[in-house]
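Input: structures, listed below.
Consider the two complexes below, in which chain A is the common component and chain B and chain C are the respective partners.
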Partner chain A sequence: MSTVVLLTATGLGLGALYFLVASGLSLIFGLMDVLNFAHGALLSIGAYATWWAASGHLPGAGSGGAGFVWAVAFGTAVGTVAAMVLELALIRPLYERPREQVLATVGVGLAVPALLSAVWGADARTFPGPTALSGTFGLLGARIPVNRLVLIGAALVVLVALRLFLGRTRHGLVVRAGVEDRAMVTALGIDVRRAFTLVFAIGGAAAALGGALGGLYYGSVDPGQGTSLLIFAFVVVVMGGMGSVSGAALAAVGVGLVQQFANYYTASGLGDLAVVVLLAALLLLRPHGATGRLA
Partner chain B sequence: MTLATQPREKTAAAAPPAATGRLGRFARWWPMAALAALLAAPYSSLPLPGLLDGPIGSAGNLQLLALCLVFGALATGYDLLLGRTGLLSFGHALYFAAGSYATDVIMIEAGLPFGAAAVLGLLFGVALAAVLGSVSLRVGGIAFSMVTLAFAQAGSILVERDPGGWTGGEEGRAAPADKLPASLVGIGNTVNLYWIALAYLVVTVAVVHWAVRSPTGRVWEGIKENERRVEVLGLRPYGFKLTAFVLAGALAAVGGIVHLLLTGGATPQTTTSDFTLSLLVMVVLGGSGSRWGPLVGGVLYTWADHRLGDLAGSGSVADLPSVLRVPLSQPLFLLGTLFVVVVYVLPGGVVRLPERIGAARRTRTAPTAQGS
Partner chain C sequence: MTTTIPVPPAAAVAPVLRLRDVGWSVGGATIVEDVSFKVREGEFLAFIGPNGAGKTSLFNLISGLVPAGRGSIALDGADITAQSVPARARRGLGRTFQTSSLWPGMTVADHVRLAAQAAGGGSYRIWRRAGAYAKAVGQVLERTGLAHRADALAGALSHGEKRKLELAVLLVGEPRLMLLDEPMAGVSAEEVPALTELIRSLHRDEGRTVLMVEHHMDVLLGLADRLAVMHHGTLLALDTPRAVMADPTVQQAYLGEAL
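Here is the complex of A and B:
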């Protein structure tokens, strides 16, 4: 029983991490048809910025209490700015050329981890977290690490905030309409390109937050972390349906749980395998993706 | 069948006669000159300071040159999908790794000699490409890219998992020296490996050239331009796309076998999605859809990947302030940045550079010609 509880908690924590990466990825693809290969790099930027701040380089930030919250906020802000710069400087001039946009993000996805490892080394760095979050708590006989709870909580907050934003605000309405039919929104006289920057900023913020909290989950940061999460985030995006935030949340939980349970109860690595095969099977059975926006 | 759009090769080939005189003749003959230089390389003791460390003919440099040729050829084969048929596959590394690992494992586990193992390895790569290609090509666009990515990732996880101790997990698996011909083992025989790599390159370029000029190649061109129109003409694109996929997979599998010989083992790095992405970078860097572009891109990328790191450690760079020195020490950062720049300002890749410069010069001289 305690094993099941622990696996569930870990799977949910992993799912929360996937959701933070996939929600932005999904919105970006849904709205702009850009498969953002630089999304993992945005996560890494957030993780490194938080690590840099929490190691005492940023005044007021530290590894404990309010200092850590400030460090996470700083990391998220850096990721947001990086995403906006990426959109304004690289993606925007390549509109109407989706393949070149994808290629440009591939280039950024290669360059940023290389730059991070040039500056801070290719080896994993220990992530300084508050002692309050490094412990465990008891639940139904299992000792569950507190940081899983933090991840799940953050993902829930992001999910609710995104749903409120998309459902209750005018900008959210434009984004939703753009996901449905971009040409129509443009025809109605709304500059949909502003929504592009907005969606990139939101996606970057979520991914950077994922990076900051992923540092807690893994206990360390390394340049390749974002890229290795990206493939599973793709799986989540495809399974959840492009452009659907709630779908991404459901798929993220499913993928996280399947991975944890299969890795534990069958052979290690088989869960990862199952998930990617699931992606292929799903795409082949429903070639147009869950919402018909793919292909 | 005739397609209204002329093959792009024609328009590119039409340029040299227009560029009159010596330049045109050079453009036609430079591949021969390059091949002659490559044939002469092992016998040369000429140093290329900056480009290579020591004389060209030394074992280390021949190894690097051979790697450059293998990746140039591999990129040329990959461009059959990307630049000729318009298929963005993110799983091409799988077929390269399949050739490499299958040959290695057959040699070790079944005890077959290298020749037989290589043939079986190639067959395995072709069969894998045929099976996975026939499945992946049922979807198009980004979905195709994702399915190929998923299959390649599954292959990568399998190799890392080391099923039955066959793949050696993260360490990879060294090729058994006793199963290889004696002429291919040891540093003294690097030159033989170089010849094999060069032969692979020549074969790949010839096959791709021939395939693109064949009627099937014309249909690929049509699929790339407008798939719907090919269907309207009464052709099923699926079979043609599958042909391109399997041919590219077969060429990649041969490349994997050559790589196995060259590096003395199969490594899990060749299975990763990063490896496919680097192929993509090579092709786009050099110039997708052109005859020599992917080759140039592959050679450039491999050389930069191996040599820029050494250069960064050398004196001239070490004296620079850290703002410049740190990014310069990472070849991948430079390559990624260069790649973005090429995507931006040089959509045809590096091979289009002379043509573009020529075009720019012509437009500058044109007004004066009209005036006189």
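Here is the complex of A and C:
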């Protein structure tokens, strides 16, 4: 029983991490038809910026209490700005040229980890988290690491915020309509490019937050973290339906849980395979994703 | 949406729309050739002609979907020949399409709300609530008879309701000029009278300026102030329905065989 509880908590924590990456990826693909292979790099930027700040380089930031919150906010902000720069400088000039766009994001996805390892080394760096978050608590006989709760809580907040944004704000309305048919939004006289930058900023913020909190989950940051998470985030996006935030949340939880349980009860490494099998099965049964509808 | 726009005497105002020698060719083939006409405020002008006569192409030129190769287009006296589709839409030029152009996964109210905020334009405050346009949205849904379907998904509407929703999307933007491209296409016979009545009322009661492409002559005869006959990309005739029907050139070129 305690093993099941622990595996569930860890699976949900991992799912939360996948969701933070996949939600932005899904919105970007749904609205702009851009496969953003640089999304993992945004996560890495958020992770390293948080690590850099929490290690005492940013005044006021540190590894404990309010200092750590400030460091996470800083990391998220850096990731958001990076995402907006990426959209404005690289994606926007390449509209109507999807092949070049993919190549450009792949390039950034490769260049950022290389740059990070050139500056801070290829080895994992210990992530300085608050002691309050590095402990465990008891639940139904299991010892659950506290940081799992932090991740799950953050993902829930992001999910609710995204749904409120999409459902209740005027820009959310533009994004939803753009996901369904972009040309019609333009025909109404709306400049949909501003929605593009906004969606990139939102996606970048979520991914960078994922990076900052992923540091807690893994206990360290390394240049390859974003890239390996990105693969599963893509699986989540396809499963959840392109452009669907709720679908992404559902799929992220499924993928995280399947991976944890399969890794524990079969052989280590089979969890990843199980996820791919799950994806194949879902695509055969529901070719348009789990929900097939936005938000 | 119940306010009546007074129609000033025709001579006193600049035409809402003015085309001068407008032409468009694709790869050497002329699609629209030397089309010139004026539309005054509150007028209803209908375009007829066989398939491929250039009616929809002319609408594409006016709305900016394709750039005019020759000639000039002016809206309310301002030259819009070089302007983009969104820029023309912001000037008050609204159009519907031959095929349904809605977002099937969004509700009826969402459609009108989005159109309302598109027309509201200007400010880009992120957290301004979508409910800010609730009043205008409610009025337009009432006007088009869609109020009871406000929360239905557009994909679940009948063809007639979809056409009404497209009109609602146009209306909430208070367009100066409405271009309706075959609004009866795909609509079931039972729904045609109500839709015709709605379009008639927009013109008669609200004084809206309308350009419409339509194949159903019986629909047009009670609606249009003037009929424009297109043939091989040119404007063959432009006059009152009665005069057009009596025109021997028109009868010879088109109506003789079609009616």
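In the analysis below, the second predicted complex is superposed on the first by the 279 of 295 C-alpha atoms of A that agree within 3 Å, B and C clash if a C-alpha of one lies under 4 Å from a C-alpha of the other, contacts with A are read in each partner's own complex, and residues count from 1 in each chain.
Keep in mind that, in the parts below, contacts are C-beta pairs under 8 Å (C-beta built on N, C-alpha and C of every residue); 3 or more make two chains touch, one makes a residue touch a chain.
Predicted model, so just to flag it, every value in this text is computed and none were measured.
A.B. asks: Based on the superposed arrangement, let me know which partner A:168 touches: chain B (first), chain C (second), both, or neither?
C.D. replies: A:168 sits against chain C, while chain B stays out of touch.
A.B. asks: Could you tell me if A:186 is touching chain B, chain C, both of them or neither one (first, second, both, neither)?
C.D. replies: Second partner only.
A.B. asks: Where does A:90 make contact in the superposed view: on chain B (first), on chain C (second), on both, or on neither?
C.D. replies: A:90 contacts chain B only, not chain C.
A.B. asks: Looking only at chain A, is it chain B or chain C that touches more of its residues?
C.D. replies: Here the partner covering more residues of chain A is B.
A.B. asks: Classify the contacts of A:176 with the two partner chains as first (chain B alone), second (chain C alone), both, or neither.
C.D. replies: In the superposed model, A:176 contacts chain C only, not chain B.
A.B. asks: Between chain B (first) and chain C (second), which, if any, makes contact with A:156: first, second, both or neither?
C.D. replies: neither
A.B. asks: Find the residues of chain A that appear in the contact set with chain B and again in the contact set with chain C.
C.D. replies: 294
A.B. asks: Name, in rising order, each residue of chain A that touches chain B in their complex.
C.D. replies: 33, 35, 37, 90, 93-94, 99-100, 102-104, 106-115, 117-119, 227, 231, 234-235, 238, 267-270, 272-273, 276-277, 279-280, 283-284, 287-289, 294-295
A.B. asks: Quick check: in the complex, which residue numbers of chain A touch chain C?
C.D. replies: Those in contact with chain C are residues 168-174, 176-177, 180-181, 184-191, 194, 198, 293-294.
A.B. asks: Any idea which chain C residues touch chain A in the complex?
C.D. replies: Those in contact with chain A are residues 85-87, 89-90, 101-106, 110, 113-115, 117-119, 121, 124, 126-132, 169, 173.
A.B. asks: Show which residues of chain B lie in contact with chain A when the two form their complex.
C.D. replies: The touching residues are 88, 135-136, 138-147, 149-151, 153-154, 157-158, 160-161, 273-274, 277-278, 280-281, 284, 326-327, 329-333, 335-337, 339-340, 343-344, 347.
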